[in-house]
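Across the two complexes that follow, chain A remains constant while its partner is chain B and subsequently chain C.
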Partner chain A sequence: MKPGTRLKSAACDTEVMVIRAGTGTIECGGAPMAEAKPAQAAPLDTDFAGGTLMGKRYVDAANSFELLCVKPGKGSLAVDGVKLATKDAKPLPASD
Partner chain B sequence: MNIALLLEMAAEAGADRVGLVCDGKRWTYGELLSAARGAFELIEQSGCSHVALLDESSEASVIALFGAALAGVPYCPLNYRLPDRDLGALLARLAPALIVGDEERALRLSGTVGSAVHTFYAREEFTQKVQETTPASGDREFDPGGDGVAVQLFTSGTTAAPKAAILRHSNLLSYILGTVEFASADEADAALVSVPPYHIAGISALMSSIYAQRRIVMLPAFQPEAWLTLAAKEQVTNAFVVPTMLSRIVEVMDAAHHPGLPSLRAVAYGGGKMPIELIQRALDLMPHAGFTNAYGLTETSSTVALLGPEDHRAAHGASDPALRARLGSVGKPLPTIELQIRDEEGHVLPAGVAGEIYVRGEQVSGEYKERSALDAEGWFPTRDAGYLDADGYLFLSGRADDVIVRGGENISPGEIEDVLLSDPAIADACAVAVPSAEWGEGIGIAVVARAGHSCPSEEALKDLIRARLRSSRVPDRVMVMKELPYNEMGKLLRREVKALFVA
Partner chain C sequence: MRALAGLTGSAAIAALTGRALMGERATLHGFTIPGRRSAGGGCQLLRARDGWVALALPRADDRAMLPALFGDAALPGGDDRAIAAAVARCEAPALVERGRLLGLAVARYGEAPRAPACEALAPGPGRSPAPARAPLVLDLAPLWAGPLAAHLLWLAGATVVKVENPRRPDPQREASPEFFALLNQGKANVALDIAQDAGRRALLGLIARADIVIEAGRPRGLAQFGIDADRLVAAQPGLVWVTITGHGASGEPAGWIALGDDAAIAGGLGDAMRGAGGGIGFAGDAPADPLTGILAAESAWRHWRSGCGARLGIAMSAVIAQALAEERARDGAALDRALRRWSAARGAPFPQAPARPVSAPLRALGADTAMARPC
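After this line comes the complex of A and B, so read on.
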């Protein structure tokens, strides 16, 4: 998966931009994400329905995946069934 | 990756929110995005390879930046202060270009051949046309993908022809995503942007503010009175200034007994050496503002190290001289940046020892159109000299090229200048290398006396340096000047001082 690729959720409105991707399937709301929306929406898996927040970056524990949420939705982001966590960086003072 | 994402997200989250105020006109994020998409269409139709801006800052610089990004064409703001001959040469290097701004001058400088090759728009015409133009297809993909060049900036070229520094979408996006929290600004927040559009800080200010959803208040031509008036009128909360701007603002505030700017919360500065005295005065005059010193270069997509507000206040109030000295530091590297000090052989130096500053990180391009300056491990030699203190704070000591090599000993001009400036009778000082039959290079100093003081004698200045530094730092030549030469961004032009010693 090339950095800059935009992926859409099959189960909700979530859209992400790939910053970094290792090997594995990127999912949202329990369904694999793809560059295009499927004709038939996938059901939202209640175990993956925590919601995504616009502008947040999501990472896996190994830090091999990083996704930027560019459109929020109801699903949770995951890789191969393991939920991603938000990357919380210490806020920096504005410098320009 | 594409930096247009920043504006798209701001418009997605707040289409009706005001993102830009310029010459009294207010632009929402939705309007800016729609104008950038119109610009994309115009750029595609023109078939140009570059989008050039020959103008002061205005809404056109925002629209051209993002329009060029959408079209996958480098955006090249040019320094309109350059003489005709130099500017003409740069325009020729950008052909075929879509040129926005001073249409009459651009036409004249392009010559008959260039006039047929380039596409010209006056600012008003461009701004009007991009609003009337809509993309041919509604479901058009606005991200050309890949890792193209977003911005191309010509370096000032003090010794040779200007180099074309290139910043890729990935460099700029990684800088913004790594340093700015999306939509983190309050609706009332506003950033006053007064840096020229061809300066990296002028470009990064647009991207940072848009991604934070902080309203941009644009001051196209800096004047201290206009800056203070606009800051008060628009209740500005954030501002970036270069030292010369701050110096002129402080002067006006002092002279007019200015009541201060209660809304101003954050002042960032960079782009040149800030005199300690000036920053101390500014801290007194703006007690509610947090000051941030930012160090960065064009080739690093702006800031790589910063000294934050807490460090400023702690140093300002400190009695410990080591802590006080921090006001002269550019702070610590960003968490996303690796920084090393190296000697001439490339060995990493310990704390306290000065050498050349090397940086590495995704935001660091280190790339010119002609070649990349990165080493095999991705490190960029900044050509800036400096050292880290025991706590990791970075201190700059000038350009590596400015180091004086006297009899094999490296002497940084900064250490001599700092001693000279500690004399209350000296307002400004510059140390440069002068030819010496004995040492290869000797030291020449140019000093400016403070108004109301008489300049200390040559002997007194030599004694001052001898008492504070080693005897090898004592100048061979002393020159008294009315003022030192600076460029419009407040950078001291050492080569001009050097030339005076040779003449």
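After this line comes the complex of A and C, so read on.
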């Protein structure tokens, strides 16, 4: 998955931008994400319904995936069924 | 500055000029007049396919976003020549849009501000009679513009409490201890982590006692911790809440960040310099920061004196655009001459700003945390 790709959730309003991606399927709300919305929405899996927050970055434990939420929604982000965690806020710039 | 001096009646303010405040950091650091790299070094002007962009990469983490910015996993984020080559392949508007989505401070020539320089975001209930004592100011903002605004209010007689996150203190402390001391002298210092419930309640307690709050985070930042500025302003008669943003506090621009040099490009300073017959280059040292600080101080004091509570939004790029329009209206030929002089003087030492002493104590991080009582 190329960095900079925008992916949409099939199950909710979430959209992400890929910052970094390893091998695996990126999912939201329990369904694979894709560049286009499916014609019919996937059901939101209640185990993956924690919601996404605008501007937050999400990473996997191995740090091979990083996704930036550019539109929030009700689903949780995951790779191959394993939920991603939010990354700490960026440090502030030292100066201009 | 004249307006602020008149409003506050402060001799300390009357003795200052905007020009001196704008050159203060450059003088302290011995900066030279910038060309295509900003005086502070964090921002560059680069040629895209259809125009020029300002790209600020002051943090290592910013460079980690570059593969996503350019859609190229192999892009070496530490290589400025590779970055320039990648920018040259992009259309400027698309690059800026994507960069802003990625949380980068990026701007382009030919932009128009997306918000007014100063706008009332939400009205608050008034308080009467107008307060007779000096105001209590909470300074929640790091870096330059917000701390300068609070510093000017301190010079005018306000009591100022600087609030910092102990996990992410104001980076200016480390980046420039002398400049940090100049802007933050005389302020009480409270360290609070609003991600923790106790810290959040302590901040709400401080806000309940404050007359003026100055903050410069993206609006969603405070909202995510349950601090709702509009609601606080509506509930507290006379409270003046100043939100400093890069490009505006509502809609899409509310999510965009800016620093002082890229905000100046977004506000049209680069276009003005080029239009005056100068080259592509930065003018001044992050000028959007000090200009925004001055306007924020003036707006905050004026509202506080009137007793009318409000949440004010001050947008850095629009502050530059407004200042340019005012200078153009006053004497366009003189503005063009000044911009040509800046452009021709690149590499020369900055015009020296008069040195100002640090005359009051600089409180250590968290030295006054005991004054914050949970609400």
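The rule is simple: the second predicted complex is superposed on the first by the 91 of 96 C-alpha atoms of A that agree within 3 Å, B and C clash if a C-alpha of one lies under 4 Å from a C-alpha of the other, contacts with A are read in each partner's own complex, and residues count from 1 in each chain.
One rule holds for everything that comes next: contacts are C-beta pairs under 8 Å (C-beta built on N, C-alpha and C of every residue); 3 or more make two chains touch, one makes a residue touch a chain.
Here the structure is a predicted model, which means the values were calculated and not measured.
Look at A:37: by the touch rule set out above, it reaches neither chain B nor chain C. Of the two partner chains, neither chain B nor chain C is touched by A:83. In the superposition on chain A, contact of A:55 is made with both chain B and chain C. In the overlay built on the shared chain, the residue A:19 is in contact with chain B and with chain C. Judged by the touch definition given at the top, the superposed model places A:93 against both chain B and chain C. By the touch criterion defined above, A:74 reaches neither chain B nor chain C. In the superposition on chain A, the residues of chain A contacted by chain B and by chain C overlap at 2-4, 17, 19, 54-55, 68, 70, 89-96.
Considering their complex, residues 2-5, 17-20, 53-55, 68, 70, 89-96 of chain A touch chain C. Note for the complex: chain A touches chain B at residues 2-4, 6, 17, 19, 54-57, 68, 70-71, 89-96. Partner chain A is touched in their complex by these residues of chain C: 38, 40, 42-43, 56, 58-59, 61-62, 64-65, 67-73, 98, 101-103, 105, 142-144, 168, 170-172, 174-176, 218, 220, 224, 255, 259-261, 285-286, 289. Taken together, the chain B residues at the contact with chain A in this complex read 1-2, 5, 8-9, 12-13, 143, 145-147, 169-170, 177-184, 191, 201, 204-205, 208, 212, 214, 238, 240, 266, 268, 270, 290, 292, 294, 296, 302-303, 306, 308-309, 334-335.
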